[in-house]
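Both of the next two complexes hold chain A, though its partner changes from chain B to chain C.
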Partner chain A sequence: MTTVTTAPADPGIRVRRAASRKGGGLRPWLYLLPSAAVLLPLFGYPIYMLGLLSVFDYRQAQVSGGQPTSFVGFGNYATLLGDGRFWSVLAQTLGFAAALVVATLAVGAALAVVLTKAGRIPRLLLSLAAMAAWAAPAITGSTVWLFLFDADLGLVNQVLGIEGFNWFYDRWVTFGVVGATVVWHSFPFVMVTLYAGIQAIPGSVLEAASLDGASAWHTFWRVIVPMLRPLITIVVIQSIIWDFKIFTQIYVMTNGGGIAGQNSVLNVYAYQTAFGSSEYGLGSAIGVIMTLILLVITLFYIRALYRSGEKL
Partner chain B sequence: MKILNWAAAGVALLSLAACAPSTAPSASGGDEKSGTLRVWLFDEPNRAPKEKVVAEAIKEFTAANAGVKVEITYIPTTPARHEKFKGAFNDPASAPDVAEYGNTDLAEYAAAGGFADLSADLQAWPEGKDVGADLLKSATVDGKVYGLPWYIGIRALYYRTDVFEELGLKPPATLEQLTKSAREIRKKKPDLYGLAVGGEYTFGALPFVWDAGGDIETLNSPEARKGVQAYTDLLSDDNCPPQACASLTGGKTVELFASGKAAMGILGNFSRAAVDAGAAAGKYAVVPLPGSKEGSIAPAFSGGNNLGVMKNSQHRSLAVKFMELLGGKAYQTKMYEAMGNLPTLTSARDELAAKDSFLKPFLDTVAAGTRFVPIDPAWVKIDNQKVIPTMLQKIATKQATVEQATDEAATAVKAAFGRS
Partner chain C sequence: MSRSRLVANAVAVTTAFLTFFPIYWMVLSALKPTGEIQSLQVRPWTLAPTFEHFQRVLEGENFGRYFLNSVLVALTVVVLSGVVAFLAAVAVTRFRFRFRTTVLIMFLVAQMVPIEALTIPLFFLVRDIGAVVPGVGLNTLGSLVLVHLACSLPFAVWMMRGFVAAVPEALEEAAMIDGASRPVILWRILFPLVAPGLVATSVFSFIAAWNDFIFARTFIISAKDNQTLPAALLVFFKPDENDWGGIMAASTLMTIPVLIFFVAVQRRLVAGLGGAVKD
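Up next, the complex of A and B:
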C-alpha cells in the first residue's frame, strides 16, 4: 500500500528538488511572478482595505463626509466579541458548514462511484442532471427550491398531501431544506472531480484488489480513497470555503435569516451589519474574522493531511 | 527568515498607505438656471398613472422655465434604495437634484449630510403653511426641515362585510371586541384567518403598543408589554397560526385579505387597489383600528414620502421650484386621483374627504393623532436588524416569553441609539 500511495506524488517531489538545487532560491519566485502580479492587486488590495476599515469607526455618515472618520483600534472587534449574537451565529455557521461539507462529499463521492458503474445512457443522464445543477446560478436555484417547498402551492406539499405545511418555520427543518439546496448546488463539482480521479486509477490496481478478495466497499475505502487523497484534499478545502461562506441560499430562502433570525449565518450577518445597518467598520471586522477562521481551518487541514501522508 | 522579511515588507507597505479610508468630497451645491434637472421618484407596482401625472408636471415646468430639461429616474423601494441614495451622497456626479424618499429613512440621510435644509424655502412658499404640524415634524431633524411631505399612508381596519353579516358581528369598537370577533370567525370558519397579522409586520404591531401607552424606546415597560402581548396573542392557532403567520410581512397580510383568506386586515389607504383587484373586492368596508377604550382609535403610524433637494444639487432654486410644483395642491390632488396617495396639504385632504367617503376612516385616524418612528439614524438600524419582528416572532414561536423578548428588544434599541 505504501508504494501505491506515494507513487503518484513522487515525480512532483523530484522536480521540485531538482529546481531548488539548480536555480537557487530565485527561480520559483520568478515563475510565481505572473500569477502574483494578478492575484496581489485583485485579492491583496481588498483584504488590505477590509483590514483597514475594520479598525475605524466607519459608518454612512463617515463615508459621505458628514462626520469625521476616527481610528478606534480594536474597538470594532471588542464590540463583536462581546456580542452574544455574534457567537451564536458563529457556532451555527460552523455546525451548518461542517454538516454541509460531509453531506456534499458523501453525495458527490457516492454518485462518482455510481457514474463509474453505470451504463452509458444512465451515466449521460446523471451527468446532464449534475451539470444543470452546477450551471444554475445560486439565486435561481434557491428560488426554484423555494417554490418547490412553498406552503400552499409547492410541488412537494402537493405530492405529499400536506398543503399548508410551512417548511421554513422550524429551525432545523429550514436548515435541512436550505442544506439540501446547497448540496444540490455543490455536489457536481465533487462528483466530477472524483469521477475523473477514479477514471485515472489504473485498472490493474483495482484488478489486483479484487484478486486479493477485496469487496467493493473495501476497494473503495482501502484503494480508491487513498489514491485520490490529493483530489479529496482539494475538494474538501473547496467545500469548506464554499460552505462556510454560504450566503445566497440562506438569504433568499429564509428571507435574510429566518424567523427571529434563527437561520442566520456569518456571511448574512456580516452583510446585514455592514450594508443594512451601514456599520462598515463593524462589518469589515466580521469579514476579517471570517478570513482568519478560514485560513486557520485550511492550514490545519493541509498540515494534518501531510502528516498522515508521511505516516502511510 | 524569509517569512520575517515578508512580514517586514508588509509592515512597511502598511505604514506607507495607512491613512484613513477615504470619504467623499464635501458637497458644494450650485445654482445654475438652465440645464438638466435630475429627479428620482420611487417605482410603484402600478407606475403608469404616476408617470402620467409627473409628465404633466414636467410639461408645465419646462413651459415656465425655458432651457430646462427634466429627467426622471424611477428607483426601487426595496432595501436597494439605501444603496442608491448612499451612492448619490458619495458621488455628486451621479446624484439627482430632487428625490422622493421614505420619511422613516430621513434621519439617516440627514446625518449623512445628503439633503439640503429647506426651512427657509418652505416658509417663503405660500402653500407651506398648509402642511400639518405633525407631518412637518416627520420631515424635520434638529430643527431643520429636509423635505416637503408629499403624501402619507395611513393604516386602518379592513373587514369583510359578508362574513360579518353572516355571523351577525358588528364592526369592532374596541381592541377587545376585535380579538374576540377574530377568534369567533376563525372558530366558525376554519378556512379563514380572523385578523391577518404578521410577525414581520412592524407597523401592524406598533398601534397596539402605542395604544397601550408604550413606545419603541421603552419596549420593556409594562405598558408596551401589554401591547406586545395583545398583538402576539393574535399570532396563535385560534386566529392566525404561527406556522403560517410568524413570517408574514405587511405586504403578505394585504395579499391574505385581498385573496379572501382573512376576514380582517390592518391595511393602508394605499392598499385599496390591491384589495379591489382580489377576491375580497366589493365585499369589504373600512373602520379606524379601535383602541382599548370604547370609541377610541389606536394611534396609527404616519408613514409617507417626502420630496427633498440634494445638498450638492447644481440647480438649487430650480430644484426647489420643481419640488413645490409637484408637492403643491394641484399635483397632490392629481396624485391622489391617479394613485390614491393621501395629500399632506390639509386643504387638499379636506376637499377630497368631502368627495370620497372611502377616505373617512383614514382621515378620522389622522385626526385622532398619529405617531412616528424615532427621527434618528438609530431607527434605520433598528429596522434593518429586525428588532421588532424578531421580538414578535420569538414570542409567537414560544422561543421566549413576552418579558424576555421585550427586554432583549429594549437592549437592542438602546444599543442602536448608543452608537449613533
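Up next, the complex of A and C:
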C-alpha cells in the first residue's frame, strides 16, 4: 500500500527494482520466515510478557490459587527502588562485573603479549590449556573450583595448611573465589582475540618500533594498544555484557546467592525473587531493569562495531 | 635465546599448567578411589585408578539417561538452528532489502538480552503451550528444544553471516545463467560451500544447549526421566556430605564431549576472529 502511495507515478520501476537480484522482493523475507516463526513467539513475546508481568501483582496466589491479578502500574518498581536490598545487589553486581572485566582484560591482554613472545611449544601448550578452560561448561567449572576450595577435602586448604577454612563464609572472600572461576572461564576469549589482533598488525610496524629503540612496555602501550583500539573496545563491551549477566557460577558456587543472599547479583536475585519467593511480578521488574541497562551497553557496542569498520 | 623469550616461555608454561590444572584435577578425582578422596593427605596423582564413581553415577543415579537426554536436545537444536540460521544468513547477506540493517541489529540485540530474566515469562509460556500441545509443555524435552532453538538462533545467524558472505557471489550468478533454479542454487551450491562454517556454528549451538542449566532446572520440575545433565549434576550436592567422587565423575562426563567438539573447531574459530580484525 505504501508503495502505491509513495510512487504512484511509475509503479513499474519500483516493481522491477524490487524483483531484481539485489532487492529480491519477497524472497529475503521468505528466508527470514523460519527465524521469525521461532523468535517472535519464543523471544519477542516473552520480552513483551516480561514487561507486562512487571506491572502486575503476580505471585503464587495468582499463579495457582486462582486469585485475580491486579494491575499495580509501577508499584513493583517503586517497591524495588525503595528497597535497600535491591540497591545493594545492584551496586554489588556493578562492582563485581567491573572487577571481573578489569581482571579478565589484564590477564587476557598480558597473556596475548606473552603468546607473541613465546616459543612454539610453550605457545601451543598455553593455547590448548586456554581452549580447555574456555570450553568447560560453566557448571562443571564451578563444581571443580568448589572442590578445589572445599574446606575439608580441598586441595587449596591442604597446600596452604589451613584445613577447615571456609572460603564461602565471608562475602568478599567468596566473591574472590567465584571471580577467579569466572576469569578462568573468560580470559581465553580475550587472549585469543587480542593475540589474533596483534598477529594482524604488519610486522614492519613492530620492527620500526624496535629499531627506534622502543621497549616492550612502550611498544605495547604506544603501538599495539592504539592500533587495536577498535578490537579492544569490542572485547571490553562483550566482557561487560557477560560479566553483568553472570549467573551459573554464583548460583552453583554460593548455592543460590550465598549466606542470606550476601553474594547475590541481579540475575540471581531476579531468578530467586521469581522462583524462590514466588514474586513473579517483582522478579520481572528486576529483569526489565537489567534488560534496559544491557540495552544501553548494546548501543555502545553497535557504535563500536560501526567504528571498527564492520559492515552491517 | 633472548631473555624476554625465556621469560615469556616460563610464563606461558606456568599459566598453561595452572589453567589446565582444574580440568586435570576433575578427571583425576573422578578416577580416585573414595578412600583417597576422603583422605586428608591429598596427592596430585593416584596409583589405584578406578571407575567406581563413573559406574555409580551411570547406573545408580540414572546419569546415562540424562546424558542421552542432553545429547538428544542438543542435537535437535543443532540441526534445526543450522537450517534456519543458514536461510536467515542468506537473506541478510545476499539481498539489499528494506529494513535489512534493522533486522541485523535485532539479531544483535537479541544476543544481549539476559536469558535468565526471560526464564520467568518463558516458564508461563511453556506451561500454557503445554496445555494445548502436549509434547512441549513443562517437564518435556520438547520445551528445552524450543527455548534453546530461540536462544541460539541470534548468535548462529550472526556467525553464519560471515561464512555466507565469504562465498563469492559469482558462483551463484554463473549457476543462474546456466539456468539453475533458486532452490537448487541454495541447497546444491551455497549450502555445501558454507558447510564448514555451519559445522563451527553448530558446535556453538551445541555447547550452548549442552551447558544450559537454568532452563533445565526451571522447566523440568517433576519428570525426573526428562532431566538433562547440568541440573542432574546438582543431585550429588548433599547438605551433610558432598559426594565429590560422583560430582567429579559426572562433571567429567559432561565436560569431555564439549572439549572434543571445541578442539575440533578451534582453528576455524581463531581464524574467524582473526578475520574480524583486518578491516
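Please note the rule applied: the second predicted complex is superposed on the first by the 248 of 312 C-alpha atoms of A that agree within 3 Å, B and C clash if a C-alpha of one lies under 4 Å from a C-alpha of the other, contacts with A are read in each partner's own complex, and residues count from 1 in each chain.
Heads up, the rule we're going with is that contacts are C-beta pairs under 8 Å (C-beta built on N, C-alpha and C of every residue); 3 or more make two chains touch, one makes a residue touch a chain.
Every value quoted in this text rests on a predicted model; they were computed, and no experiment measured them.
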Pick one for A:61: touches chain B only (first), chain C only (second), both, or neither. first
Practice item. Could you look at A:87 and tell me whether it touches chain B, chain C, both or neither (first, second, both, neither)? Key: neither
If you stack the two complexes on chain A, which partner ends up touching A:275: first (chain B), second (chain C), both, or neither? both
Which partner does A:38 contact after superposing on A: first (chain B), second (chain C), both, neither?
second
Exercise for review: Kindly classify A:71 by the partners it touches after superposition: chain B alone (first), chain C alone (second), both, or neither?
Suggested key: first
Between chain B and chain C, the one with more contact residues on chain A is chain C
> So, A:140: does it touch chain B (first), chain C (second), both, or neither?
Replying inline: second
In the overlaid three-chain picture, which partner chain does A:49 touch, first (chain B) or second (chain C), both, or neither?
both
Review point. After lining up the shared chain so the two structures overlap, which partner does A:306 touch, if you call chain B first and chain C second: first, second, both or neither?
Key: neither
The intersection of the chain A residues contacting chain B with those contacting chain C is 49, 53, 255, 275
The chain C residues in contact with chain A across the complex are 4-5, 7-9, 11-13, 15-17, 19-20, 22-23, 25-26, 29, 37-38, 40-42, 44, 83-85, 87-88, 90-92, 94-97, 100-101, 103-105, 108-110, 112-125, 146-147, 149-151, 153-154, 157, 182, 207, 210-211, 213-214, 218, 230, 233-234, 237, 242, 244, 247-248, 251-252, 254-255, 258-259, 261-263, 266, 269-270, 273-274, 276-279
Interface with chain A, chain B side, in the complex: residues 14, 17-18, 20-21, 23-27, 79, 82-83, 86, 89-90, 108, 111-114, 199, 242-244, 246-247, 377, 380-381, 384-386, 389-390, 393-394, 397, 399, 419-420
Chain A residues touching chain B in their complex are 48-49, 52-53, 56, 58-67, 69, 71, 151, 164-166, 168-169, 255-262, 272, 275-279
Seen from chain A, its contact residues with chain C in the complex are 22-24, 27-29, 31-32, 34-35, 38-39, 41-43, 45-47, 49-50, 53, 111, 114-115, 117-119, 122-123, 125-126, 128-141, 143-145, 147-148, 150, 152-153, 155, 158-159, 163, 184, 188, 192-193, 196-197, 199-200, 216, 228, 231, 241, 245, 247-248, 251-252, 255, 267-268, 270-271, 274-275, 280, 283-284, 286-288, 290-291, 294-295, 297-298, 301-302, 305, 308-310, 312
